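Please find the structures below.
In what follows, chain A forms one complex with chain B and a second complex with chain C.
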Partner chain A sequence: MLLKLAWRNVFRQKRRTILTLLTMTGGFFLSSLSIGWMDGSYSSIIMFFTNNRTGQIQVHCKGYLQSPSIYSTVNDYQAAGVFLDSIPGVRAWAPRIYSGALLAVRPRGAGSGNVFTNSAAASVIGIDPVMEEAASGFSSQIESGEMLSSSAADTSYSATGQIILGKELSIILEASAGDSLVMLTQAADGSSADRMYVIRGIVSTGNANIDRNTCYITLSDAQILFALQGKVHEIAVMTGSLGAVDELTAKISAGLSGENLETDSWKTFAREFYNGMKADEASLKVMIFVIVLVAAMGVLNTILMMVLERRREFGVMKAIGTRPGFIVRMIVLEANIMGIISVIAGGILSTAGLLFLSEHGFAMDPPLDYGGTVFREMIASITPECYWIPAICVIITASTVSFLPALKAAHTKAAKTLRTV
Partner chain B sequence: MTDNDVIVAEGVVKTYDDSGVPVHAIRGIDYTLAKGEFTAIIGPSGSGKTTFLNVLAGLDTPTEGEVWLSGKLISDMSGKELSDFRRDHIGFIFQAYNLFPVLTAEENVEYVMLLQGIPPGERHERVMAILKKVGIAEYAGRLPMQLSGGQQQRVAVARAMVSRPSLVIADEPTANLDSKTSGALLDMMRRLNEETGVTFLFSTHDEIVMKRARKIVVLRDGKIDGKASLEDC
Partner chain C sequence: MRSLLLLLNLSSIPGLIAAGICQPAIDELVHSLDQLYRSDDSYAEMSMQIVTPHWERTLTMKAWSHGIDKTFIRILSPAREAGMASLRIGAEMWNYLPNTGSTVRIPPSMMAGSWMGSDITNNDIVREITYAEDYTYSYTTDTTLTGNQSEGVLYIELFPKSSTAVVWSSIVFAVRTSDTIPLWERYYDSHGDLIKTVTYSNVQEMDNRTIPTQMRVIPADKEGQSTTITWSHAEFNRGLDSSIFSLRNLQSGE
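Up next, the complex of A and B:
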């Protein structure tokens, strides 16, 4: 009877109920879309960021992340790699060496003499061309020229090496594919090193900050140049999905714990990036709060009107022996019925909207620059959060907003109401 | 109070002070209503009829005095006790019918028994029996808006009677009805009074009600006027 009463009361004032339902459904729809949109954007950004560069998980020598040093190396990266290959969920891994150097380019038209006047300091990353390609698809980021190749020349110090420059760095150096440059640096054994390179290609990773000061040589070359034979500074691990990262990080960490190594997920080694996303999440929460607040005002208005209109009815209910609790339950149930209908309608609408946005996405015009990484299109993702968060918000709002008017109705003075209304 | 009394009111005073100006609605009434009576309270507008009924029914608390109903001192009961007491002992009939618009006639009548916790099978049986008695069993599935005023008031009578109360209080039950419908309604209520022995107490302006009442109490200026005649009202 309580449910019957509540259900029929909801539809007494059809027009008002429909308006309220529209408000609540709209609140659900907007919240759901915002969450799906934000989740999709985050996933895109994270996957782009990690797949292109960092990997989702990294293995380093203990302390390297806090204080990077040429001496803090993963000494037997091949053994670590064998272990990584045995873990389901690890899609690929790539060993890397990091150091710094001074680059100098001979300007075009300067003849064949040793006139290297265009110079810049740069981060040097030693990569295994084959493994890097499998992990980050590095060659797809090459704008001009070609990818590094694993060649015998790498191990021959007397021969000219091969190097890829970041796009912005190439602009600073006024260099392009086919030009020569000289690299001056210091090796791990304290010796100074210099080597002649031919620029094989120019890479655009999508992050201008990185491309402004980064160049790439082969891992074997880097190991000789920096006197790090058989060693690397980092193993970047690529996983199939972001959802598996935490579990895989724990697994790898446990498997490599005895090797003086530490394993971190992107949330740790890209902490600033992660914190930026968390800050964005906070702004999403504020947005959802505002949407829910607007919907709550609509529900509150309806419930207040409903209670005001039905004062005589509540008076009669009280007169014939209805306890206040019954009236409270009835009104809260009425609000919740509207909430449930809104959740169902909002769920259907949101699914349609999210499906569309996950298929087609939105072109970002102008493109979004996130920490130097440029995103030209954003798509939504459909996650359980797109549904349960707005659903809980709607139901809690309906219950909360209806409670005080329900209490007021429950404490209607029967005699006064019947006398005055 | 004797076993034969349904209501005993002693020195009942009710003063409203809602707007800061005291309004003396009832100015000291002593009254006893015996079981099985069919009594009308009459009086001019503002004489305190409705207030007196409300106080007797426990809908309003007296400013002074005591009210006993079926042997219980209701003027001292808590809200919850009063609520349960009204549910089990008093049936109400209102001037404006006051049926729940979203419930059918059958559901309106059933509602009180639901509050009493009566099982569904028994509820249905008793609802249909009382609807038959008041002559509207064929309209059991209709909503109040699909019934005439007279039919709605019959449903209200059925709702008041179905919980088998010791007292039915009716405030101006025929005020919204034409004379023919009023007469038929009162005849039906009188028949129920005779068949079931339930006590009826009315407030009314209506001569049709007065003529059918077995006893008449005249209220004037918040007091029972023992000397007044029907013509004075």
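Up next, the complex of A and C:
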């Protein structure tokens, strides 16, 4: 009886209903799109950031993240790698060595002299060319020249090695692919080590801060140069999706717990990046709240109008003995029926909008710079949150904002209303 | 008569100092610290022992200097570093690397970096400053800086002048009153925290000069780490060939 009455009332004054439905549907649509865009943008930023560089999970010697040191090594990284290979969900892993060095090249036009005056300090990263390619697709970031391959330096201290320079570092050194380069560094046994290199390529990772002071040599070369045979500083683990990261981190951590190793997800080792995104997420939540609030005010306005317009009707209902509670329930139910219709309509519209944004995305102009990594396009993703959060907001809003007008309607004085309206 | 009086006066000064009756003029004392190892030119043979929690090694080397602006150091051992050399002319510094046969200029960004893995920085080698001209100084009785003060030791606190580019805010020297030989110096940052301690010991006469032949640098923030330089031979003011301080000599590997 109540439902039937409420359903009929909704469609009695079509113009008013359409106005309310439009407000609710608009609120749902905008909230849904914002959530989808937020999730999609952050997912793509995180995946880009982690896939290109850090991996989603990293394994280090205990304490390395707090205080990186050439001496804090993963001593049997191949055994750890065998374990990682056995875990479903691990897409690839890449061992790395980190140290620092002085790099120097001959000035332009100096011929083949032995004086290397263009010099700069740099971070040296030792990478396994094959594993790094499988993990981070390193070669796709090479702007000129080629990827590292195995060389004589992998087995001999005195041989000429291959090196890849970050783009900005190559500009500082005024060097290009094919030039000779001298590296002077200190090994983990305290000895000074120097080696001649041929610049194999120039890489642009999309992060100028990193490319300004980073160069790459092969892992085997780094192990000889830094006296770290069989050791690495980091194992970067790539997973198929972000959703599985926390579970995989726990699994890897448990499997390697006895090895004096620690396993962290990107939320820990890229904490600044993570915190920055969390802050942005909070501001977007405020935006969604404002959208819902504006929609709620609209709904409140139309329901108040409706109550005002239907004063005579409520007066009649009260006159024939309808209880105030029945009127309250009826109006709240009417608002909820409109809410449900808005959720269905908004769901259809949002799906279309999200599908479009997940295909085409928004071009960022100017591009968004996250810790030096530049993002030029943001795409939306379709997740359950895009639907259930706006749906709950719409239904709760409909129920709460209709309650006060419903109370007002329920307390209509029958005799007075019938006399005056 | 006048000469005799002067001689008597001069000869009485160390006695008065030793008795703690008077302090020497601080300008002279600071000047003597500046001149401790310096001369118009010098040649020295020395060893450098570096101790860290992870490794320990000793390098032997020869070093030449001319005034305060030219230094040349050649590593003799161990074998992996033998032939490596550093040449400093003014603020410029070059390293010769025999393994690659190359000479590399040290960029300004690496001047604060370690020299040969030791606790001595490239800046320490190229520094052309003097305590007398680049610092203000005074005697200090502050035991928070000096620790328990000993009889027969003078304590001087030096503050870099605003034009002096150093990373510490003050240096405290402990100097033996009897012969103005330093015992130790401590470097403090702007918060008053100790950065490093340098101790001097094993005072010997070398080429008619009395110098501490052992100097140990102990960084405050690296537990179990130190660098000890020991002079085994030194010559002063013998007149060095200026070609020693050249890129050609640096690259000769000799």
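Everything that follows uses one rule, which is that the second predicted complex is superposed on the first by the 417 of 421 C-alpha atoms of A that agree within 3 Å, B and C clash if a C-alpha of one lies under 4 Å from a C-alpha of the other, contacts with A are read in each partner's own complex, and residues count from 1 in each chain.
Everything that follows uses one rule, which is that a contact is a pair of C-beta atoms (placed from the backbone, for glycine too) under 8 Å apart; a residue touches a chain by one contact, two chains touch by 3 or more.
Keep in mind the model is a prediction, meaning the values are calculated, not measured.
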| item | value |
| --- | --- |
| First, second, both or neither for A:Leu418, with chain B first and chain C second | first |
| Which of chain B and chain C A:Leu184 touches, first, second, both or neither | second |
| Partner chain(s) touched by A:Leu5 [first = chain B, second = chain C, both, neither] | first |
| Which superposed partner A:Ala250 touches (first chain B, second chain C, both, neither) | neither |
| Touched partner set for A:Arg195, first chain B, second chain C, both or neither | second |
| First (chain B), second (chain C), both or neither touched by A:Phe326 | first |
| First (chain B), second (chain C), both or neither touched by A:Ile18 | neither |
| Chain B versus chain C as contact partner of A:Tyr71, first or second or both or neither | second |
| Complex contacts: residues of chain A adjacent to chain C | 71, 102, 104, 114-117, 119-121, 157-158, 182, 184, 186, 188-196 |
| Chain B contact footprint on chain A (complex, rising order) | 1, 4-5, 8-9, 12, 312-313, 316-324, 326, 414-415, 418-419 |
| Footprint of chain A on chain C - complex, ascending | 50, 52, 54-57, 78, 80-81, 84, 95, 97, 99-107, 109-110, 113-114, 116-117, 247, 251 |
| Chain B residues within the chain A interface of the complex | 50-51, 54, 57, 59-60, 79-80, 83-88, 91-92, 94, 96, 98, 100-103, 107, 110-112, 114-116, 159, 171 |
